[in-house]
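Each structure below appears as structure tokens.
One chain, chain A, appears in both complexes that follow, with chain B as partner in the first and chain C in the second.
Then we have the complex of A and B:
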């Protein structure tokens, strides 16, 4: 999991120069020649912590991916055997397919709903502040607790409702159904992550000046047109942030799944993070380090694609 | 001095013991550690000085890689029942060391409702056929014969799988031979899951019609509640569940009997595991202090009351018989060594065995899944 944070860190670094350039174009030339050393002093603690806590362990983990280590004690170098075994392992393949599919569906669902909620909660409705507070509550509850509560709902309340209404699919816990369990996980994950995305959208929406909407209203634009031509383009940067952060978070899915299904039924809902962590407790350290290394490469590629697709098109409001 | 013990239910019990021992002597001060990650402790070369912990595959790695010190010279090691000490060797050891001292053995079998058995005139079954007809009787009377909680993986492997398969095959021998086969595990190897496990698993599936219809979505807590309320006749769980059922404070009367899986009553055995064992890491800061506490904990007046409290069996020659009626029926099996360690506990934890068994119980074809387990084994041996 530590590997993941490092990709996020990189993204942040790569954005930083762009902001600096646009912020002070006039004095840029002079400043490039002589940088106040205090900036390096500011940078150092973060850099040191980042290197010690993230980069270094990642490199050490990469080293262990070529061994049969169980995490301590004696070990031997076994070359690429971990990697070869990895690509032949149907469980690992299944975990990748599940995690990618799950992340894709959840990121779309969560962002659509979060955006809709944000639009509703920035319009002039009654009890706006109260409603905002209520909608943020899921964010402050720990994932494992949410999972246990929902597990109970899925196992008892929902089937009871399904039986009463005569809906066959719902008359049994969807978590016990190999083909439907992922839907339960998507719903619960989306439910718990929507508030975070919603807050970012609200922050974006309030930066859009009212004059734009007034002008559009004078020109006779419909509500749909205003959304399409003004709101969406003005917050595209926030959409970008939410999709990248959301996707990255969903790829690391762990606690909600452990609480809901523990990777079951069968191995249908085992995520990559779960298989990596099980390797740690299961004495499969070297093998799952290889898995983590592959996972790291894949996420870097995915992040690269996301940034490329959206490069230069993002706007962070007015 | 750090003393590691994390079995949740008995943390207060051992905290009191440690406090008392700290007052009794002044050579060492012991700190009760209940939460540090053991694996991480070994990785950081800073494990506890003494641990009292469940003996399982995960911790057997500490032993296998020589991270635990030899305790053979302690007189306590000589007092352990040989057939219990033998259980330790089901996992790979290190240079003939006595790396762990078993402290508490949990015996698990079928928990049954004595009132329901009496009401419907059902005798405790001693053969497989008697078991099936007992199930039929209960089903005809509209009582759930067996209560299943298949949404929790460990309850499937611990109960249904281990009881049936552990009673049918010599699992220790099977896994030893499978380890020898190693990379070649598959349809043509000397032993393999698809060859040796298919029949036992098919027999196990014969019991499925007798479970509650919603077993696939029920969890462990639901099972305990159902047994406390007397809604089911039998429950494939160990003494830990009895402790939970007791909390409901109903007047249900429970007992335990070994699940019969053959036609010969003599074949009946119970499933055991070393619920707690004592060990001292090589890297302990203070071996002397650790050994003192170990010897203190092994005193009969300390060990026996603990096991009575935990509904478990003590491990020494002079251990008294258990008195609790809910587990007393297992005493002869324990005394005669008619027990086995659960075969599911011998599968390397990196293989998602519980998930596989759940898939089979929920209706997947066993053959491809058993083949998959073989290939998992082979891959594991390949990179070992």
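Then we have the complex of A and C:
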């Protein structure tokens, strides 16, 4: 909010000189120039929506995390009791463990497959354009809808195959098994997020000069050696950015899980986001805001790591 | 929400990729074994989609056994007709399209204006700080602020598609502003200065020169905005209170119990919800892929 008021203040003070400025030569104006007031108008919508839709709710939420509010009516300040209770709440701990483990497994699986696909798709293959078109399709499909499709396959087709092949574990839906349901979530999440990572890898791979490979081939390097000594080092920045972006994204897992298991069986696949959203219905609004604040801290730590590791490399966003 | 947003140095993938040769080094022969492996892998993408089409064309009586790989006999469009009515598909389509349109236009306009103001006034503290302030949004996932946001949107009467579109715009703001500022920094000032010497106002400079120059970046921002808004489930499901104003992805979840074992209706409904984005993608794929790949910052 303070940013907005200062915007208004500046706008007044700089109106008069700015009109004079347009007559002056551009270079002279830039040395001791005044800001054209219309720039404030350009900046204002972004700052306004951002402040009202993110900063304000964040401040309100942080405030409520120190209360025993149930979402409406009276409440009292209870200091850090929400935060202390969080660390002793087995449901919350399970949600964090599940989400972190799920994110870790998915980020590895998705990146290995995305990288392999990217290498293959930039190789000398036939039907390159068609294949690339196909592999990008999951990116344009809604996560929850494809989750419903896979839920059907996991509940019907996979058990049918499991029974036909006599594999006991697969003879019933893996989504109904609390030890296996997470695998289904990993598969579907990877399915829908591989294309994004793959496109980043392809963009990285096409920047490697052909001469490097030609020189290596003349020196008698095998395909595997070329991959290890040239391709991987040349795209290490892309691997890093994909890993961090992916991990941050997977920590917010929600849509696919709602579609596949809705957090079950029991609470076996309840993600952090899902546990926070229980604050809507569970009568523990203040408590879940403390949960959200902890989640925010984890995100900031990850973002800090991201900035650390990527500083110096090409300045990537997001 | 989109989980991964490629931001990479600008490369026109569509042009660059075909020139590459990797494993077939030294020969012009296509690598057939690798091609075969890729075709097999592509089944992982194709099969779930074919199953969707296959199931949607069955009769309810045939679909109820849940076997994904038996062909429809007889072919039936009954599933589509019933899904169309049950979920009120035209209304869902209209609302999804409305949110997506507002988000795409809003993201492009608001972010490009802000980026232009920031880059041209970088020497001013207010604009510099605004940039970092907006960038902070990248560290705030929706779940963190969701609970107060839902209360606030309810209080101000934005617990509807307009509120959802605004939130889509806000959560993409940081990323989009970053893309636009990076691109703007690479545009030389000389063009702009000569326009100003001729008496053009800042507004004219933006609308006649800068915004057209930003077109490739706007395309990238627009594609991400389209995919993010069209496919989002989390925000509309939490923000919009009136079930009659829900988007297509949320409708699929709301009708799960009604779909029950009528798999033909369910899959017809899924297919109708997925199809617009797939068709748009197939028709504009070259453009979409280069837009998705085109990135933020020249290293």
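To be clear about the criterion, the second predicted complex is superposed on the first by the 238 of 318 C-alpha atoms of A that agree within 3 Å, B and C clash if a C-alpha of one lies under 4 Å from a C-alpha of the other, contacts with A are read in each partner's own complex, and residues count from 1 in each chain.
The working rule: contacts are C-beta pairs under 8 Å (C-beta built on N, C-alpha and C of every residue); 3 or more make two chains touch, one makes a residue touch a chain.
Computed from a prediction, not measured in an experiment: that's the story for all the values here.
**Student:** Please name the chain, chain B or chain C, that touches the greater number of residues in chain A.
**Tutor:** Touching more residues of chain A than the other partner does is C.
**Student:** Identify the partner contact of A:66: answer first if only chain B is touched, second if only chain C is, both if each is, neither if none is.
**Tutor:** So A:66 meets neither chain B nor chain C here.
**Student:** Contact-wise, after the overlay, does A:157 reach chain B, chain C, both or neither (first, second, both, neither)?
**Tutor:** second
**Student:** For A:49, select first, second, both or neither according to whether it touches chain B, chain C, the two together, or no partner.
**Tutor:** second
**Student:** Taking the superposition on A as described, I'd like to know which of chain B and chain C A:303 touches: first, second, both or neither.
**Tutor:** The second partner, chain C, only.
**Student:** Does chain B (first) or chain C (second) touch A:145, or do both, or does neither?
**Tutor:** second
**Student:** Which partner chains sit in contact with A:279 here, chain B, chain C, both or neither? Use first/second/both/neither.
**Tutor:** After superposing on A, A:279 lies in contact with both chain B and chain C.
**Student:** If you stack the two complexes on chain A, which partner ends up touching A:223: first (chain B), second (chain C), both, or neither?
**Tutor:** Only chain C; A:223 stays clear of chain B.
**Student:** So, does A:82 touch the first partner chain B, the second partner chain C, both, or neither?
**Tutor:** In the superposition, A:82 touches chain B alone.
**Student:** Which partner chains sit in contact with A:270 here, chain B, chain C, both or neither? Use first/second/both/neither.
**Tutor:** A:270 contacts chain B only, not chain C.
**Student:** So chain A touches chain B in one structure and chain C in the other; where do those two contact lists coincide?
**Tutor:** Touching chain B and chain C on chain A: residues 71, 155, 279-280.
**Student:** Quick one: which bits of chain B touch chain A in the complex? Just the residue numbers, please.
**Tutor:** 39, 42-43, 45, 57-58, 61, 65-67, 150-153, 214, 216-219, 348-350, 352, 354-356, 358-359, 362, 364, 372, 375-376, 379, 382-384
**Student:** Can you list the residues on chain A that touch chain B in the complex?
**Tutor:** It is residues 68, 70-74, 78, 81-82, 84-85, 88-91, 151, 154-155, 159, 172-173, 175-176, 178, 262-267, 270, 278-284, 286-287 of chain A that touch chain B.
**Student:** Would you pull the chain C residues touching chain A in the complex into a rising list?
**Tutor:** 1-9, 11, 13, 16-18, 20-32, 34-35, 37-39, 41-42, 44-46, 48-49, 51-52, 55, 66-69, 110-111, 113-114, 116-118, 120-121, 124, 126-127, 129-130, 133-134, 137-152, 166-167, 169-171, 173-175, 177-179, 182, 193, 196-197, 199, 201-203, 206, 227, 230-234, 238, 248-249, 252-253, 256, 263, 266-267, 270, 273-274, 277-278, 280-282, 285, 288-289, 292-293, 295-297, 299
**Student:** Residues of chain A touching chain C in their complex?
**Tutor:** Counting only chain A, the residues touching chain C are 3, 6-7, 10, 22, 25-27, 35-36, 38-40, 42-43, 45-47, 49-50, 52-54, 56-58, 60-61, 64, 71, 117, 119-129, 131-146, 148-150, 152-153, 155-157, 160, 191, 193, 196-197, 199-200, 202-207, 210, 213-214, 217, 223, 238, 241-242, 245-246, 248-252, 254-255, 258-259, 272-273, 276-277, 279-280, 285, 288-289, 292-293, 295-296, 299-300, 303, 313-318.
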